[in-house]
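The two complexes that follow have chain A in common; it is paired with chain B in the first and with chain C in the second.
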Partner chain A sequence: MASTQINSGAQSRALPTMRQVVESAFPIIVIYLVMATIYSVVQPSALSLYSIESLFNNSLPLMLAAAGATFVILQGGFDLSVAGVISLANVVVAVAPIEGPLGALANFAMVVAIGLVVGAVNGYVVAYLRIQAIAATLATMIICKGVALLVLGAPGGYVSDFMAYELTASIFGAVPIAVVIAVAVMMFWSVFRTTNSGRSLLSVGQDEHAAALSGIDVAKARFMSFLWAGAFYGAAGYMLAAQTATGNPNGGDPFLLLCFAAVALGGTAFGGGRGGVTASLFGAATLMLMQKVLFAVGVSSFYTGVIQGAIMILAVLFSAFVQAATSRRNTP
Partner chain B sequence: MREGVLQTSALSKRYGATVALSDVSLTIAQGEVHAILGENGAGKSTLVKILSGVVRSNSGGMTLAGEAYDPHSISRARERGVATAFQELSLIPNMTVGENLLLPRASRRSFWPDSRSSILHRSADVLREWQVADIAPDAIVEDLSLAERQRVEITRALSHASRLLILDEPTAALPDPEWLFEQIRRLTARGVAVMYISHRLGEVREICERATVLRNGQTIDTVDLSGVDDDGIFAMMVGRSPDSAFSEPVAARPDAEVIVDVRGLSVGKVRSLDLSLKAGEIVGLAALEGQGQQDLFRALGGAARPGDGKITVGGQAATLGSPRRALRAGAGIAFVPEERKTEGIFANLTAASNIALPEISRASHAGIVYAGLEKNVSREVASKVALSPRYLGFNVGSLSGGNQQKVLLARALITGAKCLVLFDPARGVDVGTKQSIYAMMRDFVAGGGTILFYSSELSELVHLSSRCLVMYGGRLVADVAREELTEERLLAAAHGHSHEMKVAV
Partner chain C sequence: MQNDNAMTNAGAEQEDKRTTAKVSGEFVTIVAIFGLTIAMILASRAISPSFGSWSQVETILYLSSFLVFCAFGQGLVILVRGLDLSIASVITLGGVLTASLMNGSNEGLIYLVPMILGACVIVGVVSGIGVAYLRVPPFIMTMAVGLIVYSLCLGFTRGTPRGYPAPLLSDFMQGKFLGVPAPVYLLLVFVVFGTVLQSYSAFGRKLNAVGNNPLAAYIAGLPSGLLIVSAYAVSALCAGFTGMMLAGYASGATLRMGDSYLLPSIAAVVVGGSSILGGQGNFVGTVGGALLLTTLATILTALGIEQGWKTIMEGGVILLALIALREQSFAFLRDVFGKRG
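After this line comes the complex of A and B, so read on.
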């Protein structure tokens, strides 16, 4: 009974199956690369460092927000508080700017703390009090937006120079910091998903009942997902402030729907259990890049929404098709 | 007598008004394989849930290895050495076998993952220890067959059970129980006790020494299996119920018209089933849970689309496929589903609106529905099910379970269908309502209709049916005539007992 025998068993495989490939971030990465190629062809100036920097700086807040939302969606939940937390984080940074790198770090700690508090409220109410997620997170969204208006009644304020200039620049004049952050999030996810907490999260989304019978603390996994989401929304608001160099109490509003669009485009199932943060990051980046491409080829901005929506439907249909095709094989 | 590992005394569990367990007392000795036997609804699954930490008991005590035992989670039960292989399988479909075996702690450290190869190695060790050679630890669970999944589920429980292993219908999907029996013997040799729940008496006799029989949530007795024959066990499972609740059953005339005729029906678990229902007869259906009865009823009621086969209603070929089509088909089939709360009722509408719904055109003028007309339309059928007219104006959600059931039955009657398909119509209702439902059923067939009904209560089947079909593994395995109807007979056939088996119509 050597282990080699087990590894050479009939069902052992070295290569990922078709379904694993399709369920990974692979398809959305391909879509992204195709779109990036088109963009660089129709708009050769896109390859300048300045354009690349600005593209990623534009995309990063949505990418972080989508990454956060993915944690909740993977466990089968729903979180609307994203718009509120981003707005609140954005104005807090703009009314209390602290100069210098350490100041920027302090500001960052503040927004993450805000996100964690809101996430903890969401998580407690949804996971332990078992209130419907849509109602609970709608309420926290409205509260956060209200508080954001109390903090800053109209767009204004300013952020520290370090945030506005250094965080939106490039390292060694070659790699935009936004890209570094996005890659760091991907690396974090690739580790996190295989930790016990990551497995619990995915298991709960896959089959809550089976997860509970497997000994997983379902309520805790749910609660934690809202914490992660809150922290990422806070970071998204922070990067939005860095990019716009100002505060806007309604700054988070556009993120609400785009965030879900990005997650769906990335291929994460809204029922939970399938997908991942990396896919959502690329989904968000693709949505933003698509706007640029459409603009570059001269499509009127009035059509942007129509085309974005159509591509989303195609992406969802594609993943549903793959799901059906691969699961049919397994039913008797 | 060996030392007792698990002891329960007067364990009870209520879900709302429903009493699932009322008095369960049993002792399982060290190294013993102890069977739990009982009909559907006897309380077996509730007992499993309490012992494995899924739900907590309302009262009563448990001791494990001499210490008080009252787990409030699966992990707590595992810490005490109690592990369960669940009937419904608790594996995460898109994870590997290895990850599933090690859940919820696939990695040994909390914040840092173990490498893939470490997880594979540790899970390969588990598989090897329990002699599972043909399932790879890196196979994805959803790619496995049901039998393989069941073995993974059992292996996981085996690996956690240091005091008590609970197996809930472990062989439901296993073609060959030899592997399982071998592992059970190895486990008990270490002094671990096994609680074995199965409806296959042959297996139980092979592997178990003693059995505890449950009925209606109570312990009836614990017996040495060598000292009692199958009939004795069935008699204990069924008990003796008063016959007075039932009047003389009806029977169809031999020349009665066939209203529904089913040939070669395959749907869900049902495999090429033949069935015919004649005017004037009440046909019962007995089956253990999950033998395909839901699929059959849903197909006849039009709630599930049949995969294959021919259904003739009132002499016309019918393609069912939606409840509306089932109603329109020939003489019509009206279906009352199992889950009245989720599938049957509009809790926020009045009883009259619920009843009149299929005939809503009769309750309306120029497209507008009038409450008064609804009441008039529904009054006649309401009286047939003995639903008091004063309830017609109430919201159905505020009525008792029994009255809700009457509303549903009245709605089935108002359609004018010649065939009623009723899934456990008297489940969970009080005795008075049961009597009204039985009376309605008899009146209905006396008026030339036909009824097919499933019941989880054998006594109901025995006393109400003109004849009773028995379903096992998606097939009809017996058609018991009126004269031969006994609960023991039905129970034996429902357990797939092969002797005396007759092939159905």
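After this line comes the complex of A and C, so read on.
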């Protein structure tokens, strides 16, 4: 156990090679590809651009939410505010739609600002007042849901045409914008994890005291992780609004558990120090794909939950198995 | 500077583990929570004369009993560094089985009750085995098991739960004894039993040891795996029991009946002063947390304010309670207590 941690610590300090980037998210990428193959065999129409587009548009909000949650989980924290921020961002965009590309950008700035404010509150309360993250973010989640209900009492509103149509379409009629965004987040992460902020995030998650002794501002690293998380949740709510073209004050609720399931599927350790955003993105995509596969295979809708739950447990066991196998090979 | 802070805090935490400091810290938390709850009930009197009456206290005790039942199990799981997200589904399982198997008759109650609770315990054992032996993170294991159980309930009932609980159960849940709702007595018995089990029995002390330091507990020869499994089993038992009581209270079951207890069960435990990181907790604090949350919800509902504001205030009170009840706030009080003792 201890050797695994030391080993992954050494990895995070070195510059990441392509191999390492893939390796960290390797098990979940394999699971995803296997599932995608099954899906395309069972349902050949899944390979049309339209299906791929809608699949990724459906998946993107969860992917962004899982990416955000990963920042907090990596430093050893927990963030339940995801459901509240997504709901709030979703209704704000639907209540104040601004037309045109610049309007979409302005809306985006609004939701990111909301995410940052909530993240700052979470970060302050958890990192500086030292309140248990799960409890503090439970409270901020409830508050955000309340504010969302005040903004929009019942599902309704509409988003700008640009968001509803352009952001859910494809570039050059070939690559869905959702895929472009997901790849951009992966690239962002592969750079971020090599920066000082990225490294302090991981080292705080691995060993808080060692990180503090080596001069890392632990509280600041924690605080920043909540800011990043909030911004990503805001973006997730934004894409949810774009995909549904409407606002729902309870729209974030399903994300609460799914988001952490996605992070866990990706192999990011709860408790911190091991894992990454790329893996979480694939974890989220896998969860969404799984629903499609189960539907395509013809599982009775009453019992899809049984299989989803079983696959979730098996996937986590598989990730753990692969991780154990690779770390054993790397240990001298 | 930051390092200094971290060091002092680490020092404070270590001191906490000494028996005297821990007891007085927990004691202050509990007094503060119960004080806050009573103050809220008394203050509500100023808003409307119908508030703050004895019958309102009865209602709060009655309503909070469901939360107290399932929060006890949640507290034990949190004590061993876990988290039980299957509570909502297991409550539903208990409720659905109660309604459909009892089917409105008192016949066979003797074997049906243990059977229903047994089914719930099996769910907990499965979660526990996954966490303790397969090393699946508790969050993911209990969530997946919850999903599976919910889906089975959905399939079993074909989407609409039917049937009624036994009249005996309904009568008990809706009846009064010496002018006080019968479930309030059950609550009192449960609180005493739960406190003894968690803080004074050998079982509870072993769970504390596993939560405090699993490695030390293992070296000391405690069967950690078995203890963790039993914590999840007890949690599922409590959730199933909650479901059964809820079905008796509402004279039927719904598929979503457990949903509103999942997050509050965690909130009650944490507001009650237990550490989500395990190894530290007290059932009386959890009961206080549950009473505080229920009182707040009851008063806000009675005031008839907008759902949005109500939700904001609920979250705000949890946050304020956490900030007010955090360790550092007690440093001063604890000093005073220490000097007196």
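Convention: the second predicted complex is superposed on the first by the 294 of 332 C-alpha atoms of A that agree within 3 Å, B and C clash if a C-alpha of one lies under 4 Å from a C-alpha of the other, contacts with A are read in each partner's own complex, and residues count from 1 in each chain.
To be clear about the criterion, contacts are C-beta pairs under 8 Å (C-beta built on N, C-alpha and C of every residue); 3 or more make two chains touch, one makes a residue touch a chain.
Note that the structure is predicted; figures quoted are calculated from it, not measured.
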Which superposed partner A:174 touches (first chain B, second chain C, both, neither): neither
Touched partner set for A:274, first chain B, second chain C, both or neither: first
Partner chain in contact with A:309 - chain B first, chain C second, else both or neither: second
Contacts of A:199 with chain B and chain C, given as first, second, both or neither: first
Partner touching more residues of chain A, whether chain B or chain C: C
Touched partner set for A:132, first chain B, second chain C, both or neither: second
Which superposed partner A:212 touches (first chain B, second chain C, both, neither): both
Set of chain A residues, in rising order, touched by both chain B and chain C: 209, 212-213, 215, 217
Contact set on chain A toward chain C in their complex: 78, 80, 125, 129-136, 138-150, 153, 208-209, 212-213, 215, 217-220, 257, 260-261, 264-265, 269-270, 300, 302-306, 308-310, 312-313, 316-317, 320
Parts of chain A lying in touch with chain B, wherever the complex brings them together: 1, 3, 5-7, 9-13, 17, 20, 23, 191, 194-200, 202-203, 206-207, 209-217, 273-274, 327, 330, 332
List of chain C residues in touch with chain A within their complex: 2-3, 5-6, 9-10, 83, 85, 130, 134-137, 139-141, 143-148, 150-152, 154-155, 158-159, 263, 266-267, 270-271, 275-277, 306-316, 318-319, 322-323, 326-328
Residue ranges of chain B in contact with chain A within the complex: 54, 73-75, 78, 84, 86, 88-95, 99-100, 103-107, 110-114, 116, 121, 124, 127-128, 133-140, 142-144, 146, 156
